[in-house]
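Heads up: the structure comes next, in structure tokens.
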Amino acid sequence: MARRAAVHRVPMRHPADVAGIEALFGSGALDPRAIVAILGKTEGNGCVNDFTRAYAVSALAAMLAPRRAETAREVAARVAMVMSGGTEGGLSPHFLVFSVADTPEPPTGALALGTALTRDFAPEEIGRLPQVLATAQAVRFAMAEAAITDPAQIHYVQVKCPLLTSERIAEAEARGATVATQDTYASMGLSRGASALGVALALGEVAEGALEDAAIGRDLSLYSSRASASAGVELTRNEIVVMGNSPDWAGDLVIAHDVMRDGIDLPAIQSALRRAGLEANGQLAGAEAERLVALLAKAEPSSNGRIRGRRHIMNDDSDINATRHARALVGGVAAAATGRTDLFISGGAEHQGPDGGGPVAVIVRKP
Amino acid sequence: MARRAAVHRVPMRHPADVAGIEALFGSGALDPRAIVAILGKTEGNGCVNDFTRAYAVSALAAMLAPRRAETAREVAARVAMVMSGGTEGGLSPHFLVFSVADTPEPPTGALALGTALTRDFAPEEIGRLPQVLATAQAVRFAMAEAAITDPAQIHYVQVKCPLLTSERIAEAEARGATVATQDTYASMGLSRGASALGVALALGEVAEGALEDAAIGRDLSLYSSRASASAGVELTRNEIVVMGNSPDWAGDLVIAHDVMRDGIDLPAIQSALRRAGLEANGQLAGAEAERLVALLAKAEPSSNGRIRGRRHIMNDDSDINATRHARALVGGVAAAATGRTDLFISGGAEHQGPDGGGPVAVIVRKP
Amino acid sequence: MARRAAVHRVPMRHPADVAGIEALFGSGALDPRAIVAILGKTEGNGCVNDFTRAYAVSALAAMLAPRRAETAREVAARVAMVMSGGTEGGLSPHFLVFSVADTPEPPTGALALGTALTRDFAPEEIGRLPQVLATAQAVRFAMAEAAITDPAQIHYVQVKCPLLTSERIAEAEARGATVATQDTYASMGLSRGASALGVALALGEVAEGALEDAAIGRDLSLYSSRASASAGVELTRNEIVVMGNSPDWAGDLVIAHDVMRDGIDLPAIQSALRRAGLEANGQLAGAEAERLVALLAKAEPSSNGRIRGRRHIMNDDSDINATRHARALVGGVAAAATGRTDLFISGGAEHQGPDGGGPVAVIVRKP
Amino acid sequence: MARRAAVHRVPMRHPADVAGIEALFGSGALDPRAIVAILGKTEGNGCVNDFTRAYAVSALAAMLAPRRAETAREVAARVAMVMSGGTEGGLSPHFLVFSVADTPEPPTGALALGTALTRDFAPEEIGRLPQVLATAQAVRFAMAEAAITDPAQIHYVQVKCPLLTSERIAEAEARGATVATQDTYASMGLSRGASALGVALALGEVAEGALEDAAIGRDLSLYSSRASASAGVELTRNEIVVMGNSPDWAGDLVIAHDVMRDGIDLPAIQSALRRAGLEANGQLAGAEAERLVALLAKAEPSSNGRIRGRRHIMNDDSDINATRHARALVGGVAAAATGRTDLFISGGAEHQGPDGGGPVAVIVRKP
């Protein structure tokens, strides 16, 4: 008797296209009540005014509520729905549906999942230590839920976090509070950064003494190798999903990770694939490509404007946001490795891997 | 006694930054009068209103004129300056300077170059058969200049071609002429397509009887595996550079090519690298990466909206042009292969390789 | 005893923000079952991948269904929900909620509303004469519903019309039919154009003999001064809302219109305001500005690339779509006239006003 | 015997199109050596990577050098060439050529011009007090050159200022210096703000004691009503042009200004037109429109996200920069007032007029 995690990768025709998930229910492949998290790569700009994320969440909640016999509000509280906008380059919009069920199988060691939520944040807490500390606490809670005690068994921690809008800033300032930044776009980076440092703190990657408000978004030597944070206008708290391997779980899935040291680090992606049991000589093909259930990675422009010494223009382009360039680049590199484009490449890797690089995790089906 | 071709790859800090080329003159590494062509990857949007291309050409001509003892107009007539806008993802702005000099070395077989110009085109000829036929004639002329008689020895043909603007359309219509399209952005694709079909005709890849106005931009089964066409607002004729290997030339450079069947075809890039003598196991590194002198490839979204069956959003994105997405994607895949970002990835591959794919050529220094 | 039309202008904080409408229900200011149409100006790009429109409709339908004791599908069939994306420049996202109720007041002459639906169109009818003729018939039906017999009493006709999808085209071609265009995006313009010509025919602005398939989208001298058409993938017939003044209706609202001959035609806007009873000397202010209940206008770049002889760059900008520039411009001119930014400026004005211009209608509260 | 200023407004077909200015030389209407400043409204994005400004300056310098018997470098030092990118909405690309000549006419009172340059700034000075103080000194120098002693006689001060790029930031940080911001786009605003406060200081609009680094970009209650600052990547110092009316000058031009309190302040524009002697009832037309020689205004989104209480989306749009929306809006309002689109609307009005508004100046020919 053990718990067993499953992951379904479902293509989307538009941000509210939940028909593929409904079909899984119809065929019996998936029980709506077993879902613990849904990650979605939606086709908006991934920046401040990307409403494809909220639209997808709205469609998911409306579809799931009757099937789970819950209200839409209860669905949102019990299923971590983390949408990441931006399918630049060749990336393909899709959902990753994570579910957990009890199984009569004995525990054989397999992918294990845990979820948690922080409290709601005030605007003035976003991008600052209170967000870091609350996130660390929630990560520890989620690890306990996944029955993982050793942080080394954690390979990926997905965080969805809020951002500042003009209205939220005005609300705080009307109360006499000051916010971390007046720039709504910059607030996304600070919120992601604070969230990632919370993960790093929980996993023992940074010491609590090293953390202060001024380091967030500044001291890029502090980072988590396993955090992935995504900011969205539609929430005011952090939502956390931890993914690791646990000897107490059963199933045919395994997760592994590595850290891309820059945006073109193909060898790091291939290393992660090999750690998860794939051969990964050249591009995945045939049966090997089919065994790759999910690839999750962060993308970020290097702050020094260079990749291996050569100038990139991501940070100086006022027509296309830097994170959009970065997702397109890392998406291309990951597609080169895997032969697939339905990859969960998420932008904005502040404190998530080294400057200009980022974590990459893969979930693979055992042969 | 033979001719010898050289290629210098020079980074740009901005579109008019010709200082790197000037430094080559200063050090004696390059003779200004030996230059036959300059390809530039500039950082504009690569679409209709991309003035970085003309700005770079203007800076190059002004810098070269006194050093070649020519007028700027003579420089433009004698040096093929082909700027391709768009360094999306991680691509790095750079010039590729092609030069030819007589050498006392015996001919050993090496990279050979030839250039040619068509006449000026009337607006109503752009994207139609007259542009195809004039291009084919110019390609044959350039092959003769390179002393290559066998089309199989040609591995890359770069064409720079004009586009329609609102003003050029109005001028034609005032004369009672009709243009191929009223959509200025669409005219770039038709001009590139007609130019590529001209290359295909000259290289025997398509039969003249198969060509008609209606096929241009429509019948994507007709294509060249070695054409690369780039459209710019700053010219009204086609400029052509052919690149091949000739037994009559000397030097340490060799060129090879392959055809990417889609935007994520890493194996095709690795195949081209191997044909040029590199091992290309995994990502190029160290000495192997240094031996790669240039990579030239075309990028294009597939017209069916899919890559290996999975939906991409390039054709439906009204914020970022489809060619910009495609360059970012192919740039990522090529950077994965080579470990470099100073790659000449050019957008808009109509009739240049199969739908959604495109030619890739590499110039490599012999060991 | 008469009918009385009301218009509520409700600001939106995001595309799914229906709280302002709910508040009107709560206060008793509006009966959900009295709503006949909702126009919305949402903040997406107004182009192909603008999901803010569908997101808003989804939120409206979900909110209205229980309050009208209807299914979401019934709401969509009975309430014309026409979302127009794009709030460029200073435009402010908002809904315009149109409702009709019986009143014990005597008819005093006031704003009158009528709605109608055409039959479903076959794919091969879209963008062609059958769509024109059916639209004209439906406009006449809606006029009858509004009790308006004189076309001169009609000041604005909003049409929501279908477009061609790949599936619809394939279905038609399987039957041996040919469609007006294979380009799904272009089909939106043709469908809007055919719809506008249908309005023009019903209102006597063009003669039936002047209409033929080849004129649609081509002969821009044919147009309606009072049509506003918007295409959507979710329907296969045309939905029509006519707005005019009828002596048989009661209420304190009056509608008037004029035609902007180009994008900067301030005098036309001021003329419409004066026709509706405002003084409109300089910018509306104070009580006059409050009396303006709605301004509805179409925006479009002139096809010759000029405004009063001076070049604009809308059609040559590959970073920002031409319709986005046009909405920003007309929004600025209309805000100059009215001192307000919550204006319904909609893009895509094929056969809706002269080339580069468009209709403008205003609904004003009597003093 | 007096000095006389002239202003020629010249349309541009592309950023390097100087043919219209050359034609003025050819006809004798303008002496190349009399030019003291050229303002240009070019069609780039007006943000960090807008190379249309530098391209225009390059073309102007190359064209003027032989005609003035100077080197291009001397031209750049003696003629203030201030290009402002961004012709959103309906704005029309054009040059404004300012020239000064001695005249035998007696001084009758007319437009007077003065120019000045600051020293080059180190990256760490940009957006900080050293830039403010150096600008104030240069404004005083330019006033002296124009023979204007009373600051009330100054109606417009145009400043072109530098910005931070990734490379400039890295250069400063390599020396251990810290810059005002790491965000290259934000640096444009800080540089404009510091420049405007320099103007305010010179004109007595703010007290030196009120100025400190922390106020720049923050305390928006400090501003100049007559400053217009424009940032560009192509320079490292500030270039200043002051415009006023002086009793010591002759000629048929007069300048006046007012302050727009928000982006839709049509009455302020009409007030400036009236102060310069036009009737400005409704939109300028006919002879009155011809008498308007130039309109110069600043555009900026309000930082509270509202215009007269209604939400705008400029600050939350990650596809189109806020300054681009603001230029489109103010361009529409100014075109509504003047019936023209060749207006010098410049973005980024930090400390230039009140938050969300900005100065507007008009140069008008006397009847």
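First chain written, first letter: the chains are A, B, C and D, and each begins at residue 1.
The working rule: a residue touches a chain if its C-beta (ideal position, glycine included) is under 8 Å from a C-beta of that chain, and two chains touch if they have at least 3 such contacts.
Remember, predicted model here, so these are calculated numbers, not experimental data.
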Report task. Using mean Cα positions as chain centres, tell me which chain lies farthest from chain D. Result -> A
Query raised in the report: Given the two chain pairs A-D and A-C, which is bridged by the higher number of C-beta pairs in contact?
Result: A-D
Report task. Averaging only over C-alpha atoms, locate the centres of chain B and chain C and give their separation in whole Å. Result -> 46
**Report entry** Computed distance of Cα centres, chain C from chain A, in Å
**Finding:** 41
Query - Intercentroid distance (Cα basis), chain D paired with chain A, Å - result: 45
Query raised in the report: Got the chain C residues that touch at least 2 other chains?
Result: 13, 43, 45, 49, 313, 317, 319
Requested in this report: Would you tell me which residues of chain C are touching chain A in their complex?
Outcome: 13-16, 43-44, 49, 51-52, 54-55, 58-59, 62, 319
Requested in this report: Using the touch rule from the top, collect the residues of chain C that touch chain D in their complex.
Outcome: 11, 13, 43, 45, 87-93, 263-264, 266-267, 270, 282-283, 307-308, 310-314, 317, 319-320, 324-326, 328-333, 335-337, 339-342
Requested in this report: Enumerate the contact residues on chain B facing chain C in the complex.
Outcome: 45, 47-50, 165-167, 170, 182, 184-185, 313, 316-319, 321
